[in-house]
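Note sheet for the following structure.
Going in written order, the chains are labelled A, B, C and D, and every chain counts its residues from 1.
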């Protein structure tokens, strides 16, 4: 499964965005809170909700945002104060060094045409350049987020466009990178997805209410039906007049981020037509085909390696078993970030089911190796508990190149695969064998979906 | 697996106790915190740690306790203030209506011979009577816990015994019920287990340090080796002179609480010689033998039904699969306790992996049914997602009678099994078939261990 | 005036007690909160309220206590949860080293006859001895307060008396020291004052409700009329049957604490027949008679020296003026307790009105000198601002001996007067002259009231 | 005196600004905190500090701001994190309805030339218009403060000026209203005062450090010497090169806000050459000359009426006395804003010194009457306590017209003087006579200083 808030040594998380537009006047805030709760795996550092009444006077917007989990930040009394039938929300993963309370989203601002609330998942390659240009024209920034750059650009464009969608279009033409935006203007809820489709965004419907969300699991959480993915490059507008699409930025070439399928997305989500659970099962099966091994059982690192482990088990015919018990009460604040303490935390968080592994030859599946420290620690624990062999299988190719589109990864020198061969890594981590998913197997895993897999092969789509 | 903090419709939790005695003067508090973290599944309402220096001046004790998880209550700066090489800790499950901050443990008090810190897991049948007797002699109580009654009794006995162990012995002679105590006196760490062995307590060792803990998983968490279970009726004393046992209360007849094996204990613990994970696997296998069914796959309710489900799968030859994704970010504060909201919370907390269950005939394992509402809700979700059949198997017998020894269960009229037949329940919850573990299979599950299973057969051991 | 929460270098505060008994069933908690607010000058460290329904089932008691000011601890929502028409409250001054949250009052406990809530102002000389005796009979203590000793003693006595008042009487016979108690039993509100009358306690009435309070100003705050002071040694019981007095401990000899008149009590209170404001005016007049000086104006150290300064001005014919502006926003948490910072804090808290003091010869009144550091600092500030002369007059005699009855004073070696003559002190602090109130003038100040003034003359009443 | 945080029925407060520039690299934050503490009377709702190192890399700025008092918001650990030798701070009075945490100052932003931190006291008449203009050019706003408009304007101007001072000058040319700004750019600390001098700002020096502050009392608090008032219209720049002035906006016509002298400023401050304490004494003397009365004593409403009362006493020869005891522990959170509760709060906050007023004919001085409710309540309390006559004297003229320059006053219909004659008001409030300071006496009070007294005579300076 896939609860990653306290994982160690992993590619860092994405953000999650959510928006809802009720036509019957009912309160948006509780739905946004539940939707964000379902997207919490995409970011646990901060969250926020902004609501307005799209039929009321322009500019009346309420919002609340803070650091913490959705369930910590949004108690009933706070939700009750957020009155309005349209809403937008955000869960955020922390980026190093930034003053997080200020950087929480949605970004709420007033501009020429009233208020604007903006929730953003992604990363711009040219944010600095755009910010510089805006500053040269007199703009000021109060946060260090790309989101504020986007918002300022939209506001500037809005001075000479006839509607906010056109301002968004002009802005999107300038943005380079991966992004999914949910924007609430005084009268509309607008979703935008980057032309390559690097970041996911989908549309749902419940009664006469429309929903935009990073993943389909958030639609389920609010009882909505999945309608479709937003097309890469599409600008979709929800208003009292229904749903309208602007496809002027839609292009042929797509490049969906492979890491959504390997790691980010929840297994019960469907992204661009691909069922995440199935994709991970297929990855496990491909590993079994590429790297068979004579072993007694297959296990996975909780939670991220479990699904692929079941795929490996199915394909290999070896039995699947849990080797680890995961203590879900070990919170973030309790774990200190120094290396030594991080290893202790692995021991506190994961413990061995001794009878399961004793005298056994194990296949151990995880979804990726970044620094290699956690997997080494787990192999040590398994061997101490009597495991005879530990054959590591990784359900993604070696992580070799930096990501510029929003996946916050360690710098090159912290990526073990960038300086060590698989054989060396195998020795380093104390495994009996090591196999990475083959690059060519990604195709089958994601059913020929056009992918951005630059972190594996350096073929950056832009 | 077994993370129960946010489970619904379950027999409520136990408490957890932990104590450590370092002979080298090193700090006890961090070890107690880690030990409690490993016992957090036994109680999430409140926790506390008390430490003292068993070689220093008598009566210098430091403590901290509060409502919340261990990782929330004990930050580094608090642990650093708790100076002392002996320590005792407690995690507590809430009992209704009581002012929880006051009732948090360890109970710390001064008495004739200095200070006493007491951590208690269990429930006394005759607590009221003992309290009444003490009050008639002038005692006052500041909490509503059995623990204070025990502590007052020990203090009273201590006025005419030559050592604290004798006072504890005299007290234990009067206590009726299940209990495991860890007591810190100015010079000693003392463990006590009720003569029937209803509540678990074990001894561990790391270097020259000794540890007492409710479950062996807490020994592992602090890097200690499991030495042995404390014998039912044994009073074990750890001091600078080593370990000493008083077995005057040890008796032939034992009655270990069956629910530790079914539900309370962590799967990676070993209690009174029984590996919990294995016991649950055996329960699943027994269910497969008793209630075979022609189905496509076996699944379990996360987290408590997963292990038994794997046992069922192994015995039946049917494949095991995850049908549910569990969102571990849905916290306690976010979920309101009314019935309607509780059902919504099930939907938010557990979602279906649609591709797994569609058009499938499922065996669904859970560890118990209390009110029946949660399982009904889950079956409904599975059928909505396209499951053709849902055959429910429960890895314990029907829960029919109240528990007087510390398991906080709903009153009789809330136990669905006390007024409805299995067939009726099957219809009520919308299952296609329903099978409970047979009473006689408990014997095999726990390898002939003498059990208290009064909640199933009303044969109360005292 | 007299707001002392952030004063420096002063004899420390007392506690304050308050109780109310409504016969019409209306809520006690808001009245207790307002009463405590009026007594806040007696203790700012912690406060608490306990309420019960004296006509309801025995033992139903609600309470809340915490560190902080009344206005910080008791918000509307908390007051609303404290249901009951009888209530007792306490404001506490911190004592060094003690874990304050645990020691907050009222102390609430259950005993033979239901619940008991006890609020206590004072100090017992023989607390240790009584505690020892109780522990030898098996008692345990969870706090380090005298109050718990008293409560335990009452509970023990209650086992063989026919009513709680008799148990209180038997207890009071054993207590040595100064105390004022307000006790709430399931059916009664009981006030007790030590036989010497060291600590104040008075009775008020509003409609059919009766009130007990440390000072009459708290009666005014809840709109009640002052009825009378509780007699030293009197045990007064308020119940549905009205007010009843037990005077078996009443004795001839009284010894009211002189410091209530000099410093503790609010100027708008009347204690044992003495109007506090008037008493301080008389002290100032006596100083003017004893130590006249050729000066330009009279001023006082805010807030505690202001009233006596006005008395000095009236008697001397010199004009009164404010020399200092007091910044009341400088809170306790902001000021760190080291000596250096304490002096800076004086500068931040008090600033000079330069035009008032420039080229002037001043009489500066304060109520006491403990270490001498604050007055030295203020004199320095005045001289820097251009004051030509500063003649210090202290409205109490030199503080020479420790107090055993509840006034928390520095140890002897910190009392400047215990090792230095007035002439030396005058030089030390940089004053041009120094005069202390004469011991014999205390008689006139408090109108022949029998006093305990042992801190000045070491004639301890017990 | 003048602590107004919990005053009732008063013209609302100003904000306070403070800035410091150390040339020796020492930490600015603690000085800013102490300076703000001395300015706390100007705003208790929120506060903030921003610091930077003017010799370090551009753009490194740290800040912290929150709702609450300076002593609540800035603990030692927070101050220690604010590293930098230049700093700017702000205390804020709340404005209705605005989301206060967002609106706290200093406003910190990045712009073309690095960072800018801006603290602002005042009110712009044309803020809306300027904001509209900026929005038409694409600007966005994240707060509802004038300060953000000013900052955006400066940033826009900075795109075509050669230094930040010129951008500030261009901006100031557009601002209409009263304002005092302290601005921290990467290398400079800049102070600006509106050309009319409506809002105060002064310069101080300690060693080689320069300080800007709203009032001179804040200079004293940090041990600095008062150098001079910033000239109305002056832009003063402090940098490593010392102090430099731009006087291009300096003009002949000045109009200092009269309410600073009557009410806002601390009595120990000197503003534009006028000692505040002396001015209030003169106001009291003028009242005595205009409205003599045969009475027994003179008293004032704490704290704001005390100084003028002493002036009245001096001029009339009547004795001054305190009639009220003020309970300074009654905080803001404890007092609810409904009218009924507000009156109760007056009773809790102020109590009568009965012996002082009984059978006396009183002159009661206050600084202003807004709604009339509080003074009516106080007169009632005095009469209940036995006062024979209460002659009210107000140390300002009747408050008749709205203020557009930063004084947050009730709307016209809440100003009792706007619809009732003095005789009617006298009857309404239950006074025996009533006299307001005469308009012509303001001249003498402030020693011919050019004033804005539009709230009394509607002669608005712009």
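To be clear about the criterion, contacts are C-beta pairs under 8 Å (C-beta built on N, C-alpha and C of every residue); 3 or more make two chains touch, one makes a residue touch a chain.
What you are looking at is a predicted structure, and each value in this text was computed from that prediction instead of being measured.
Shared contact partners of chain A and chain B do not exist in this assembly. Averaged Cα coordinates give chain C a centre that lies 36 Å from the centre of chain D. The geometric centre of chain B is 49 Å away from that of chain C, both derived from CA atoms. Computed from the mean C-alpha positions, the centre of chain B lies at a distance of 61 Å from the centre of chain D. Residue numbers of chain A whose C-beta contacts span two or more other chains: none are found.
By the contact rule set out at the top, the touching chain pairs are A-B, A-D, B-C, C-D. Contacts from chain A toward chain D in the complex involve residues 107-112, 116, 135-142, 144, 151-152, 155-159.
Within the complex, the chain B residues that touch chain A are 1-3, 5, 34, 37-38, 40-41, 44, 69-72, 74-76, 217, 220-221, 223, 266-268, 275, 277-278, 306-307, 310, 314, 319-322, 325-331, 333-334, 336, 347-348, 351-356.
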